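Each of the next two complexes has subunit A plus one other chain: subunit B in the first, subunit C in the second.
Moving on, here comes the complex of A and B:
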């Protein structure tokens, strides 16, 4: 990473730490994921040494947590006018876009790290397959990054944080449910099978659960990285549009 | 950059993304893939490579998958994709000898008829309850066929084994011949089903006069009688180096409860150079499994029904090296005579806290609560390990096990109905042990490594341990209280007998004290029973609270400490 982007990432990350947002995010994610694991996922009653009941809730927690982080990435800067200042600095738009995203993603990574006691607990309780748990963490982080990139692109196109939050959450939800009848049925009446399969292949859940089995598949990794890249390109284009106007 | 270009990017980028993901299967296939599971559950094993690499005639796999009817079932479709990946990998490993054909059995089509003919099971989960099929028929060049009636996502880790077993079976001209001498009614069990699918099973009734010819291996499971000529045939078979799997049990308590093993078997023991004590069974509170004695009672640990797990299974022998756990009941102890000792390798053994108790202690019913309590009290601190199963090499080629109950389904497999189809799920490796043993005795080890991945059960060992400790403690307290109670009762009776009519005040007080003491003891006993699960519940609470609060507290404290100096400055 070049140094300018590195500096920007650091500035953004420290920005998080100076507001209560980071604290809320970390605490809410850790409490919610643990509570769901024990009380809804019946982690203890199952008496099976794996973290499946833990990871299965992550995409749903991200569904509202990540847009909450993403909504302020750009909308806030537009509203307060600091975007103009930021973009007059001797850095490119792409660098700023990337830095803001990476800082947010790092924060989400910290939220995930907060749950390491779960990993330790399951190793105390039994003898889990740690390879599977590792891919669980990796895929969970990738899902959060994907949602963040999408939220970032929505945030870049509006000054209103509430709008950004709602639109991002809806987009993420559609992406989660892409393979499910809720989304497929309206399409299924008209579309040919290859298109339906194509849409189903866009589902975050499918790629997430495929990875969480303990298999790092190139197609799943490509899916997440491509989606993140797409979100960032869209962010960049939106910011450039604003700049031009 | 101009606005028009930027607009173009905003429109085109998503389209490009959809195309990229849509084409990713075609671009990457399953080539870029890392299986990080501990047992390499999703990677072709070396046994699979060996079998596929040695196919000398083509095998056609017809995969019946209801493509049309699963339009709305994405999870099944993605599972089908993974099956496709696996089969493609197998095709590559087979050097072109494996040919695959995917067929969509649309309702009322000829393909559906074919699927049904091949023995496939349809599940009524399609639109308007139409049948959905997902099964495989393997056809060899000679026309022999074998089918997998239903592939379900729940059994994904087993998929490779099911496929390779089907392929291996269909391309073989003749099946290995396995002789079976037993009066046990095991025909309805899954082990029998698996054996007859893999081998040509030649059964010998008790009255059989001779052993079938050209057997590749022989399995003897607790025959209650044998004709002298059959015994001499068996001895000849053994002396000629034939592979023998011998299962004898001091106390059969499932599979039909036949009598003791035929006395003629002693000649077989002698030929193998081993002996089994048929008057004693292995009692092991440490390895005892939790069982439900009756539907309404809570589970108790039964020291005569053992779960022989990793530490008590030989890790050096290919037959047991990858097994997780084998369940046995009232098993016997094998011993080698001095001549055989160097060639006698234990495969399964009991813990150091076990003892051998006379089978008369069991009478006929081993599953009364009273009996279990009695047996649980027999926990010598320094017991003696018993050998439950062993391999004998040297002049002979045999594997012996001191149990036949383990052949019964209820000790190792659960059958459940899944949308009208019966699914079996193994919770112990009993079946794998028998098949591994026979395969090994015959000399075919290729399937062993794949089969052993069968059971992927990872329990909370710490919880099990706590439960065991609590039970041991409960037992000690219960014993103490019970004997105190008994004493109090005796004292009471004596007191009443002393002065049936007129009691002195002192005696009356004594009596009242005893009655009170008795009540207190009974109450304590009830309390101890209630406390059995307390350790586990408190562990659960500790783990929940630590996970729930520890890290959030750390973060909050850290954040406050960061902000504190600034707040003071301002």
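Moving on, here comes the complex of A and C:
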């Protein structure tokens, strides 16, 4: 990472820490992920020392938590006018887009780190496969990054944070449910089979579940990386188009 | 050597031309006052000169660096105070200025020296640990100016730099701009004509996105109908006005609230003729003033706005 991107990441990350956003995110994520694990995931009743009940709820928590982080990435800059300051500094649009994303993703990583006591707990209670748990953490962080990149691209296209939040949440939900009948059945009425198969393969849940079970498949990593890249490219295009529109 | 070149700068918003083929060049040592009524295209032009907006046609070049093809070098050469001085309210003043200095490439001793310089020049010592969101409007504007000049740029573009400052702070900022102007280009957009008269050695008036006037303050004043006019206060203004209107050098005479203003034909100097007439007629003169022309009058003529509207 070059120095200017690093400086921008630091400023963005400190910006989170100087507002209630970071505290809100860390507390809500920790409480929700643990509560869902115990009360809905039947953590104790299963009598298995693993974190599968813990990770299975992460995409659903991210569904509203990540758009809440992502909605301000660009909307707030344009609404307050600080984009005019930021984008006239000697930095490229790509550096700013990447830095904003990395700072947000880092914050989501911190939220995940807050749950490490869960990992320690299962090691005390039994003898879990720590490799599977580590893959679970990586896959969870990749899902949050994917949702954040999508939210970033939506945030760059509107000054209204509420609109950014709602549109981002809907897009993330559709991506999450892409392989499920809820999305596939309406599409099946109009689209050919190859398109339905293609959409089914886009489901975040399919790729996440595979990784959360401890199966580290390069195609899953590539899937998340490609979606993040696509989200960031769309963010960059949105910011550049604003300069010209 | 600092330079700004705008070549046929054009900006469309839909079918509306906000800026229409604007061309000009600015050299080192210029303090350029950018004037125009609201919606004339001033801020749009400034945004194109700083790279925040991309021109629909034409190009802007800063210190020889095209903002399209060599944007980073062009932006490094300039400092910009956007309209309303937007910043990050959650950041501390010192933290913010340090961040801007670092992004502009300052490190170590250079950064420390630059911070000390802008803090001293803009009297920010008392608020360095305060968060930007809690600052008064005046301090906020001064922090905005400080971030624009922290890297000692060749070109400073300031959108309404003294807005929100109290009279003492305005004088302080104006003195700072004058002190910096020798080897820089400073472009100021303002609604305050008094500020333009004090600070600027070049004035550009823009209206409907087009350049309407580009001249020195003296040159602009000469275009005013008040240029070389004489205003005087005498005991019997109506009688004096009648006598004055008989002089061949005088085009017409106005009397308002007891003050007579005599306007010359062809902007000739009429002071001696008016004074000679006053002596002959033995008027009791309590005020006698030679007008050099008024910017507000020219502004109103060019833009169609009344002076109060800007």
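In the analysis below, the second predicted complex is superposed on the first by the 245 of 245 C-alpha atoms of A that agree within 3 Å, B and C clash if a C-alpha of one lies under 4 Å from a C-alpha of the other, contacts with A are read in each partner's own complex, and residues count from 1 in each chain.
The definition used in the following text is that a residue touches a chain if its C-beta (ideal position, glycine included) is under 8 Å from a C-beta of that chain, and two chains touch if they have at least 3 such contacts.
Since we're looking at a predicted model, the values are computed, not measured.
**Q** Do subunit B and subunit C fit side by side on subunit A in the superposed arrangement, or is it a clash?
**A** Superposition result for subunit B and subunit C: fit.
**Q** Touching A:109, do we find subunit B (first), subunit C (second), both, or neither?
**A** Touch status of A:109: no partner.
**Q** Tell me which partner A:23 touches in the superposition: subunit B (first), subunit C (second), both or neither.
**A** The first partner, subunit B, only.
**Q** Between the C-alpha centres of subunit B and subunit C, what angle is found at the C-alpha centre of subunit A, to the nearest 10 degrees?
**A** With subunit A as the vertex, the angle is 170 degrees.
**Q** After the superposition on A, what does A:81 contact: first (subunit B), second (subunit C), both or neither?
**A** second
**Q** Is A:90 touching the first partner subunit B, the second partner subunit C, both, or neither of them?
**A** So A:90 only meets subunit C here.
**Q** For the three-chain arrangement built by superposition, which of subunit B and subunit C touches the greater number of subunit A residues?
**A** Comparing subunit B with subunit C, the partner touching more subunit A residues is B.
**Q** After the superposition on A, what does A:15 contact: first (subunit B), second (subunit C), both or neither?
**A** second
**Q** Which partner chains sit in contact with A:244 here, subunit B, subunit C, both or neither? Use first/second/both/neither.
**A** Both: A:244 reaches subunit B and subunit C.
**Q** Subunit B and subunit C, closest CA-CA distance after overlay, in Å?
**A** 7
**Q** Shared contact residues on subunit A for subunit B and subunit C?
**A** Dual-contact residues (subunit A): 244.
**Q** So in the complex, the part of subunit B that touches subunit A is made up of which residues?
**A** The touching residues are 1-3, 6-7, 9-10, 13-14, 16-18, 20-22, 24-25, 28, 30-39, 41-42, 67-68, 71-72, 74-75, 77-78, 82, 156, 457-463, 540, 543-544, 546-548, 550-552, 555-556, 559, 562.
**Q** With touch defined as at the start, can you tell me which subunit C residues reach subunit A in the complex?
**A** 47, 50-54, 56, 71-73, 75-76, 78, 80, 82-84, 86-91, 95, 99-100, 102-105, 131, 147
**Q** Sort out for me which residues of subunit A touch subunit C in the complex.
**A** So the residues of subunit A in touch with subunit C come to 4, 7-8, 11, 14-15, 18-19, 80-85, 87-92, 243-244.
**Q** Enumerate the contact residues on subunit A facing subunit B in the complex.
**A** Per the stated touch rule, the residues are 17, 20, 22-23, 26-27, 30-31, 34-35, 38, 44, 47-50, 114-118, 121, 124-132, 134-135, 179-181, 184-185, 188, 193, 196-198, 200-203, 206, 210, 213-219, 221-223, 226-227, 230, 233-234, 237-238, 240-241, 244-245.
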